[in-house]
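One structure below.
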Amino acid sequence: MPGKWYIQLIKYLVLAFFTFIFAYPIFLMITSSLKTNVDIFTNPLSLPSSFNLDNYFEVWRVVNFSSYMWNSVIVSSVSVFIVLFVSSMAGYYLARYDLKWNPYLLLFFMIGLMLPMKLAVIPLYMIMLNLGLLDTLFSLIFIYVAGGIPFAVFLFYGFFRTIPKALEDSARLDGCNDFQIYYKIVLPLMKPAISIVGIVNLINVWNDFFYPLIFIRTDSLSTIPLGMLTLFGEYDTQWNLLFAGLTLSSLPMIIAFLFASRQFMESLTEGAVK
Amino acid sequence: MKKKLIYLVILMAFSILFIACSKDAGKEGNKGSDEDTVELEMYSWRTEDRSAYEEIIEEFENENPGIKVNFQPYESTEYNTILTNSLVSGTGPDIVQLRPYSGSRTIADNGYLLPLDDVPGVQDIDDPYLDAAKGSDGNIYGVPLTLNAGVIFYNQNIFDDLNLDVPETWEELIEVSNVLKENDITPIAQGGRDAYLLSMLHGVISPSAYGNEYVEDVIEGKTDLNDERMLKTLERMEELEEYLPDDFIALDDNDAQAMFYAEEAAMYINGDYRLETFQTNIPDVPIDVITGLKDDTTGDISVMNWVDSSYGVVKNSQHQEEALKFIEFMATKEFGQLFSDNLNRVSAIEGVTANHEIVQKINKASEESSTPYLMLVHFGDGSPSTKTIFEDGLQGMYLKEISKENLLDSAQENADRAAEEEVEELEMIEEDD
Amino acid sequence: MENRRGTLKIKKHLVHLFLLPAALLYGVFQLYPLITAALNSLYSFKGFDRQDFIGLNNFITLFTEKPYNEFFFNAISHNWIYFFVTVITQLIVSLILALIIHSKVKGKEFFKSVYFLPKLLSVIVIGFLFSLILNPTRGALNSLLEGIGLEALTRPWLGSMDTALLSIIFVDSWASIGFSMLIFLAGLQAIDNEIFEAARIDGANTFTVITRITLPMLAPALMVMSVLVFIGSFETFEYVFAMQGSSGGPYYSTDVLTTFFYRLAFGTVDGGQAIGLGSAVAVVLFIIIGIATCIILFFFKRNDFER
């Protein structure tokens, strides 16, 4: 359909308008992070007069950014890995073994898929207290894993059902036990599911600040979003530092996205269709 | 695939190991290299005073080798959550900053604090200070540091340029404000986005309207918030609106300070603790304070003040002895002087003289006549507290969402409910004993 | 023979090990706290300590006693507003964008990536970023409006009763449009192209194709997205918290159920906690979201049958 020229024009105008809407705030954040505080106040919209990374050095100096970064990396990678591991097994179990209690198990996981865990934060707090996990990265890892499991189990369950059983039967005849079948035969076919679960959980865990706010007290154990809260508390008049901090905390994700944007979006849409 | 899986498992094992290690490392770092050193955790919400506190702490550490105090300030708005959480878990701090009045009473009543009545020096502190740090059982649970005064800061340059006299009464304040406005200067820089700033504003300007008699009547239970005199203060708050910045409900305290810094505004109303902020940020601008407005009827000037906060010792602390030692230090004249000098504040310790001229001025005025920060001192109870209802209501009043009468009504209703709650809780505590 | 059967039996039991870690982690750190939170609504509290069983008293207080009932109904009305506005600002906008990108335009990948970009930022970063942009005196938005001659439109976005909640919803949509657009795109790609060809041969114009073919075929995706937006609107917390704090200011105009819950559960600067009441709010939210969940389940089920 060639489409009339003015329809095409309107389309591009709409697309351009929304490109501006989505990109400009982020652009503003990055340019402001290169300006001085005075410059931000007098000319909030102007481009930085020179390329100056002082704000970044300053932020790096005044807050414990490297350890925030490190904690975020540890918490995200460990919890995403555990979610992938335990949920794929559970999804495999639900899809492969026709047991009577499977529907109830699905319901069991379904509850967690929908109810907001945030509201259970006080009992969660008491659990962490009793286990002696308060103010440790473990508390965050356990919460993120538990929070990620329902979605991941459902997704893996859906994917495993699409794999023909014949494949496994032949493997079983070759003498593989159930676990070997799971990780030698089935799991390698699960790449799309693994990347969806991985990416969704990574975004959620990396960006969350609610649980660190409640469970982490020691500054050196803060994750990046919680560290931002500290930065905003102590330097709330120095917008140059704030913008630099915001940029700094968004950068890892943005860079990862630039490298793998297609992978990101394709797996997310695939997840949506399943 | 098998290989990959093994790698992943190894990676995971390593990362867990790593967390464990880094955690230990962190803890070790806290404890210092010396095996005998005791490390005390001290929680506070004064993020802006960190360097001053650290200097004072250094003095203490020099006198008491073997004790290190780690000053850990949190955002004021998150502080209560953090403090409650850590007290319940019993794994947190040794020394904690306590909100005055109902704030510290609640924590003391829940049994999280050590009574400090026997710590040398504590009993020498004046009663009005100690009242802010007492539990329902009458014991003292915190060492109060300082008295805050709500004052009107003004920029002397602007007043001199326009040949303005410093206002002493409400009418004069309005007159001066009108002149300032005509000269395109915002009379009073004030933010209203954080509702507590409105309580503060109310606290500073209203004693001139309701007088000390009203306060006494409230304390004796002869009257409550539904009172003509209280209504009059709200009328003044409304009258003041045109002298505050445009859309001041959308401004936070930083925005207001920025206006004052830029000399776009002539006055700024807040606690005297802002003096230190001004000294750091605009040392060249000559600033003075108006300690209060004259009472309409008696003509007295009462300084609106309240006890800032106190520091208490956590009952579950592993290092009670050392923590008490620090508390003892906080009750000494030496500490009081350091505190007053470093932070430009009035110390709670008797015999400490402030160096700063303005601090001396506030101190002197307070001694002559003072009036409590009514909302904080007498309406701080309940969840939500009556103060919260009142100040949120002020926001609503400025946004034309609630009438003055309804505002007082709902605040009083909440005060009644809070009083009931209080009785119930006391009964519970007695049952526990 | 006996022996072999024995090992088989053991093996059969071992299979449950597949399920165990997930069930255990999820049970202990999610389901159990959720149930405890629900039960907490039936007790009175002193600080963090459970006291007496008081039946439904917390709910009665919540619904009938001032100021709690006022807070509650005010907050829940904002959740509804949040939902209805989000349907327009997020769903409809993202649907339009998906339709445009799905049609013949150049640079699809570029636009998709840009629109998705905000989803990568932390909510707290987005909240802080926009509270700086929307600042009435120093923010970029008002400067921008002044710069292009729309001075009449400048306002204290987060400081006025009329615009505060809407501003937050816009920011939320800003961050979420990219994601829902991708979902709609996925739905569009799943529609068989032959149907469009056939329609076009019959002489249908673009508008008819969209209303008669595309939208009906997207109906399941639309329904599921609406329910997701509904759940999101009732769970919303982070944006309000990051931009207005837990008090939902100014004058409760951005207060939602979760911020109300937060104040009750953790107290405020000078107000104590009321965990029992907070848990009651949580239970009400559980029920509302539970009903929405049933609806989404129903639609998933129907989809399954169609396959």
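Should a chain be cited, it is by its letter among A, B and C, assigned in written order, with residues numbered from 1 in that chain.
Simple rule for what comes next: a residue touches a chain if its C-beta (ideal position, glycine included) is under 8 Å from a C-beta of that chain, and two chains touch if they have at least 3 such contacts.
All of these numbers come straight from a predicted model, not from anything done at the bench.
**Student:** Measuring between Cα centroids, which chain is at the maximum distance from chain C?
**Tutor:** Relative to chain C, the chain with the farthest C-alpha centre is B.
**Student:** Most C-beta contact pairs, which chains?
**Tutor:** That would be the chain pair A-C.
**Student:** I'd like to verify one number: the distance from the centre of chain A to the centre of chain C, where each centre is the average of its C-alpha atoms, in whole angstrom.
**Tutor:** One centre to the other, that is 16 Å.
**Student:** Just give me the whole-number Å value for how far the CA centre of chain B lies from that of chain C.
**Tutor:** Going by mean C-alpha positions, chain B sits 36 Å from chain C.
**Student:** Whole-Å distance, chain A centre to chain B centre, using C-alpha means?
**Tutor:** Result: the chain centres lie 38 Å from each other.
**Student:** What residues in chain A touch two or more of the other chains?
**Tutor:** 41, 82, 85, 125, 229
**Student:** Could you say which residues in chain B touch two or more other chains, in rising order?
**Tutor:** In chain B, 76, 81, 88, 258 touch at least two other chains.
**Student:** At least two partner chains per residue is the criterion; list those residues in chain C.
**Tutor:** Where chain C meets two or more other chains at a single residue, that happens at 48, 138.
**Student:** Sort out for me which residues of chain A touch chain C in the complex.
**Tutor:** By the definition above, chain A touches chain C via 1, 3, 7-8, 11-12, 14-15, 18-19, 21-23, 25-26, 28-29, 40-41, 44-45, 82, 85-87, 89-90, 92-94, 97, 105, 108-127, 142-143, 145-147, 149-150, 153, 177-179, 182, 203, 206-210, 224-225, 228-229, 232, 239, 242-243, 246, 249-250, 253-254, 257, 261-262, 264-265, 268-270, 272-273.
**Student:** Residues of chain C touching chain A in their complex?
**Tutor:** Where chain C meets chain A, its residues are 11, 14-19, 21-23, 25-26, 28-34, 36-37, 40, 48, 96-97, 100-101, 103-105, 107, 109, 111-125, 128-130, 132-133, 138-140, 143-144, 147, 174, 177-179, 182-183, 185-187, 189-190, 200, 206, 221, 231, 235, 237-238, 258, 261, 265, 275, 278-279, 281-282, 285-286, 289-290, 292-293, 296-297.
**Student:** What residues of chain B sit close enough to touch chain A in their complex?
**Tutor:** 1-2, 5, 8, 11-12, 15-16, 18-19, 22-23, 26, 29, 47-48, 72, 74-76, 78, 81-82, 85-86, 88-89, 91-92, 254, 257-258
**Student:** What does chain B use to touch chain C in their complex?
**Tutor:** Residue positions touching the partner: 76-77, 79-81, 84, 88, 99, 102-103, 106, 110, 192-196, 245, 247, 249-251, 255, 258-259, 376, 380, 382-385, 387-389, 392-393, 395-396, 399, 401-402, 410, 413-414, 417, 425, 428.
**Student:** Which bits of chain C are touching chain B when the two form their complex?
**Tutor:** Interface residues on the chain C side: 46-48, 51, 65-67, 135-138, 155-161, 245-247, 249-253, 263-264, 266-274.
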